[in-house]
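Heads up, the next two complexes both have chain A, just with different partners, chain B and then chain C.
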Partner chain A sequence: MTQETYELYRYLNRSIPRLDSEQKVRGELKYLTDVYPEGMLHGYVLRSTVAHARILEISTEEAERAPGIRAVLTYKDIPGINGYGAIVPEIPVLAYERVRYYGEPLALIAADSMEQAKAAAEMIKVRLEPLPAVLDVDEAMAEKVKIHDKGNVARHTVVKRGDVSKAEAQAHLVLERTYRTPMQKHMFIEPEGGYAYVDGSGVVHVLAGGQSPYRDKLQISRVLGISPEMIRVKNYPTGGAFGGKDDATVQIHLALLAYRTRKPVRLAWTREESGIAGYHRTASKITIRTAVDREGRLLSNSAKIVLDSGAYQSFGPTILDVSIETINGPYRVPSYLIDAYLVYTNNGIASAFRGFGAPESNFAIESMMNELAAELGIDPVEIRLRNILRTGEEGPFGNVIRNSAGLEEALNRARSSGIWRRANGSGWIKEGVGVAVAIKGVGFGTLPDYPSAAVEVIPEGKVRVMFTNPDYGQGVITGIAQLAAERLQIPVSEIEVINADTMHSPDTGSSSASRTTLTAGSAVVQAIDEALSKLRVEAASSFGASSSEVQYSGGRFMYRDRSVTIYELARRLRQKGRSLRFEATFEVPRYPEPVEGTLEVPHMMYMYGVALVRAGVDALLGKVNVKEVEFYADIGNVINPSIASGQVEGGVVQGLGYATIEEYRYSDDGRPLNINFTTYVVPTARDSPEMYVEFVKSYDELGPYGAKGVGEIGIIPVGAALAEAVYRATGKRIRDLPITPWKLV
Partner chain B sequence: MKVEVELGGTYIYDYGGRLHSLDLPEGATVENALDALGIKERIYIVIIRNGKAAKPEDELHDGDRLVVFPPIGGG
Partner chain C sequence: MLAERGAAVRPISGGTDVMVMIKDGVLKEKELLDLSRLEELRYIKEDGELIRIGARTTYREVERSPVINAYAPILVEASKTIGSVQIQNLGTIAGNLGNASPAADSVPSLYVLEARVKLASVNSEREVGIGEFFLGPRKTVRRPDELITEVSFRKMEPGSHFFFKKLGLRSANAISIVSAAGILKLSNGKIDWLRLALGAVAPTVIRSPTAEERARGAELNEDSIRAIAEGASTDARPITDIRGTAEYRKKAVFGLVYEALYEIMSGSGKRVVFGLEGRG
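After this line comes the complex of A and B, so read on.
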């Protein structure tokens, strides 16, 4: 398929309604925390109420004897490995020897009622010897208090090219600045939760909100010490995630309790529990020194990146990788030196969050680009056009930029936008417009990635499509159904999706890294091709023709004046006892060799975005009022414009929250301070500015029907664009997010 | 028989680089290949043989290509 056929699609480039929206709107779709299985037990987690301590004693005898108590588990009761974590299994399932953050799980309880569970938790004797809480990355790197015996730097990587000192000596201007971004909470509507049970065959079923059912399954297997074959995980439907449910949350605890009691167990965190024990975005401190010539062309970039991982790593190593990959922006940077640190503190656990690592680095490099433009007297869009990598050029990490034409187009659209003329403050309301550019890899970069999917042709007139990337509200089910319909040339109404269930689908991997369209989409298309290939043989046989003589169109194979539908062929196959299920595995194209010291740098496919933000600032009160946002994006071919725009708009609003009002905070002794919607405020629909989203025409031949990805691009450039708008309005440079009133007055 | 193995993710750093060429006896399994590389993990691991998911007990054939990595995620 080529770009020339762009307008010929029947089911793509169309804003059909989400397939599950009616069920959701009617309240008919049961989220997994809405399910209360018959005869279930109530799960409860006893958590640490100090941030850092040595464990002297956890005694459960009295609690075990309490009324209605079916199980009380500590680290001693874990059959397998007491550790999990998407990359390094260092997060204790239940704490032993040490607690490293406020809220760390100490014991699990299953009881007939929640009241009994809580009463029993009070009876557990816990003796802790407090240790100083280390909440600041600089303090952690001084290593006066060790959070882990191996030291407080979880990971340190240096990536460099060329001679930075020489470049700086020849430069017209060298600027050095330090930028900071805060911890951010996901604040999904459905807190972490679900239920689990063991069936008559001994299979442990875990049905809980999540983003990666097969990884969950393997993590559970490792902890329970039983074969993955004996575990089923289902993650659909999930009520929001944004990365916060990518690593395991309740799944392992649920499995432990159900496995021990052999009863159905429900475990759902309260909002406050989610606020205390859920993951959050890494805080960052990035010092960047950038050299340019007189025309604003980049000569070198030096960056010291420090990310706060919290008490354990979770996705920290790859978050650090993304921050490394994006610190040079989408720019031609002849020399660079990136010194990157992932640092342990006692601030909860930082993990995946929409764009992970990219919003952090983007705020630094894009703020720097705006500062350079101002110093040099160059238009901020023009300085970017002078530096962006064009298609075919070598990227900063030895990769070839395969397809960046959309970025130049997006910047040109931004330059000619009318928004620049609409910044008209009056009185003490000052207005400004800011711009920033984003680049983000799609998928896992150099990490091997082999998503599989299955399709089943149902004789009664449906094609069942099965893949495991969970739909947690981003519209995956609909987008993949559209791709399937296009491939099969049948209406979307004939596509039935089974989502995120290891019992039905092979492993398509996680919903993360804006990868689902690429991975599930490609695997489903291949599985359909496999199905059509097999059905073609059957059709040809029935026609007495060769396969090459048979034509396919609109769900029907044809030969001369005869035809047969795929459903009739499926009926015949079923009568013969043949399988109607077809599977395929897609090998995601990648550069095989990661940059030394990284796991996944660089990517082969990138999406791009340009954000324009117009904001008013009340000079008396310091209040920032974002008036409008324009966003131009290259996401490849757009499967469903309405859903894709929604992803960008949602990302932008989440980015505005990150840039203005959101900051997850801890007290001096490491207690989380803002753990619910009263104390951690996020923007709502009422706070959303006027928005205009435009997708520039783009087609990437690596993606299914030219599609790339979209989920993360909206959030990434918003902080830097808003900071520039505020600068243009007030003359004040804000280098640490969020931009709160007290930083402006 | 010859089996080519590509390691991914953290295994590149843990087990001596990305590419390995193994000489294994006839009838060897994926597990034998993992043993030869010193990889002890059998649960939290993804094994791809000639582009398809495989298990430790699967028998190998001359010229097979394995890709082996922990099921990590990235961004």
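After this line comes the complex of A and C, so read on.
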């Protein structure tokens, strides 16, 4: 990729405003929880108020007879399978035999009013025999109390290469450390919710905030015991998700209630309900032992990774995979031994959260790199430059690094940053600068992934672009519209996006794993090519020319002095009764087989980032004040610089919250303690530091127009970089996040 | 209304506490008494040596008042730390008193201003000192038939130094982990007197007798600052909760008081200058 071609883009590398920002700024955009369908019923979920128990009885007779009650459902009323879960369908839709976390749904109610629903919930007779709550992974692994009959380890795997003990024997230095990261809540602006109804032809419509409409559809169909064809899911617009709406939240419950009552039903969790029953990030405990030579070159890496899955698995198994892939960093690691566990506890349900296992492992490996650098007296940027994989090298998981130039450049930029000279505390304020790098695979690694998208040329002058990766605030629809405009060489204003609606769009998969630009972008480009090749033939025939003689530019086909627009061609096709819709499926490039012991490691495409954090620590109060963050990232070609920086900045602030004040906690008997914005505090705009984001020039030929992804990269290295800044400031190594004031005084 | 069935009625002023209680379902009373249109209680008055603040006065009005800026700038300091601008636009000092949280951020300053709280019912009116007003968390001497109508205090002494320091987990909308308010009178490098109040370290806001005693007549130097701050820490009787451990809170009291006094010693602290608020 050369400089010249960059400048040829007309609609890429441009910070056009988001297509839906005006509506949002005016407050006109309605989330699906803002819709109150006419004649709707109010959905309500009766939840467990103990963390672990045997269910002796749930009787609903009295509640069913209560005024205004249209349905009371328990596990007995589920027509299909009583289970869901993105990877393994083991999460009960409604509790059966056992309750495994505080907040687990016991019964569903649909009523004419919310008051009636709540009153009926009081009448449901629930008898539970309490069991001890297991809240700690070590305790769970001791297996004294079994949360599941099969035992408390949901997944255990060993991934290895080479001879670690030999490497350690020859090493100049071997360090072993244990690092911990907390559960984190997503705290999106719109709690989980939406509405559902059944139409005249029996199709169940579920309109709710989410990240994966086709997976929702499949999960609903299994539970309802009806064909997916009879279900429609719409997720746009969604008020934030960050992974917390990737697996099903309200969708299945909504479908059950609408299916049973044949009436529109609204079900929206309160903030507190979201705090209790919504997903959270896996807590981690990682013991890592790393061997280096005198120059700080890595010889081996061993890690015991333990992730807290909570009561069920959701995305746990693949989160564990990403944490395995991340534990070796972007480094040359000749031998390694990774012993990884996904463990059940009674702590709610852990699921996807921006970074998906990467922030957890990154905190361990990057803190380790900083500790090694300090022990060896090597500059922390230098030690990384000595170890990063270069283009053409084989990575630790056998994957050939196709392009790592971006990371090297990012590290060089970080090394020459002025931030290092700006650390100048005085008195009780101590300042320090810390660095950490991040690597994150884009997409699902070796798992087969075939995203589809469609375009439709509307004779009235629009091209409709349809894909299902939901835009929940990341700006996906804008980025994809820019890609479509570029491909078609028409203004973005002529592109109309229909997002995240299974009624209109083929399956593009979920908005997750920073994959949307790659998946929707590539599939849309392919669908456009499909459209243009069909239209070209049509144009050629009207010109009486062969299609190879026809030129395309700026929305028109040309032959000699004649030309015709795509819209005119579409009009003619419509007259002939031909379809104006063109669909394509993209095959995400991948390695054919996962590394032994993994499900999806490695990836083919990686994003990279380098974070520099300057922080002041009040030595008397222990309070960390983050002054400045610089972030150098390689995300491939940048479609919309302002949206991309926004993603990095948002990730950084979310990472700072994770590293300083956020920690979702349970009482000793398993009751969640901080379930709303009063008790679960997240950083405000005032807490956001000065930020500088720079994208190094990069182009990945596997992505659409060289683009990779961006959503997750910002959050990943922040914890380790901040911990290093705090160490530089105070001499204290904090190995368990968050770095709360009481850990520093 | 209050006279007839006071115990069943909850006064609501700015609503920034009451609305949260309603939402959380913890409000016992079935009825609300809306004070928001009682314009006659919306005032800041100079009355000789006294300042009188009506119960409906918001933090924003306090911050913008020339009278408060001139004669009680410590209250401006405190008001600016309450929640966020949105909360300051709605919330009132009387509401902060009525809510009776040990972490209330206007209260430590009112303690060191030695404020008095006026309570009125249909046929009575009385005034109590701020120290007697609070009985414990969420508990005050207000009778169900009474309203808080006014808070008053003497003007701060010209040239006196003051501070309000609040430690929260973040920079806006944060509940204090600990807070400290102080007014200090110096002459010739010696402390004439110090009034020091601490928030979130006991069932109510407290004064720190040990710190105040150690300050009296002491030179302002690093040793005395340390001793005073340690005294404050000794007087603190905090609990452990989701915002911090008891042990940490005691250390943080030391830190807040030490930093505040150090700033005064080094000339970067704030000082009362009649007419306008000045530095050092």
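One rule holds in what follows: the second predicted complex is superposed on the first by the 741 of 745 C-alpha atoms of A that agree within 3 Å, B and C clash if a C-alpha of one lies under 4 Å from a C-alpha of the other, contacts with A are read in each partner's own complex, and residues count from 1 in each chain.
Definition applied: a contact is a pair of C-beta atoms (placed from the backbone, for glycine too) under 8 Å apart; a residue touches a chain by one contact, two chains touch by 3 or more.
Note that the structure is a prediction, hence the values are computed from the model and not measured.
Novice: Could you tell me if A:T49 is touching chain B, chain C, both of them or neither one (first, second, both, neither)?
Specialist: Neither partner.
Novice: Please indicate which partner A:G355 is in contact with in the superposed arrangement: first for chain B, second for chain C, both, or neither.
Specialist: first
Novice: If you stack the two complexes on chain A, which partner ends up touching A:I661: first (chain B), second (chain C), both, or neither?
Specialist: Only chain C; A:I661 stays clear of chain B.
Novice: More residues of chain A are touched by which partner: chain B or chain C?
Specialist: In the superposed model, B touches more residues of chain A.
Novice: For A:Q219, decide between first (touching chain B), second (touching chain C), both and neither.
Specialist: A:Q219: touches chain B, not chain C.
Novice: Looking at A:S15 after the superposition, I want to know if it touches chain B, chain C, both of them or none. Which is it: first, second, both, neither?
Specialist: In the superposed model, A:S15 contacts neither chain B nor chain C.
Novice: Identify the partner contact of A:G441: answer first if only chain B is touched, second if only chain C is, both if each is, neither if none is.
Specialist: first
Novice: With the two complexes superposed on chain A, say which partner A:S563 touches: chain B (first), chain C (second), both, or neither.
Specialist: neither
Novice: So in the complex, which bits of chain B are touching chain A?
Specialist: 6, 8-10, 12, 18, 43-44, 46, 48, 51-53, 67, 69-75
Novice: Using the touch rule from the top, collect the residues of chain A that touch chain C in their complex.
Specialist: Against chain C, the touching part of chain A is residues 427-428, 618, 620-623, 661, 665, 673-674, 678-679, 681, 683-687, 740-742, 745.
Novice: Using the touch definition up top, name the residues of chain A that touch chain B in the complex.
Specialist: 86-89, 212, 214-215, 218-219, 221-222, 228, 246, 315, 317-319, 321-322, 352, 355-358, 441, 443-448, 450, 452, 506-507, 509-510, 512-513, 585, 587, 592-594, 599-600, 712
Novice: Show which residues of chain C lie in contact with chain A when the two form their complex.
Specialist: My answer: residues 20, 84, 167, 169-175, 177, 242, 244-245, 247-248, 251-252, 254-256, 258-259, 262.
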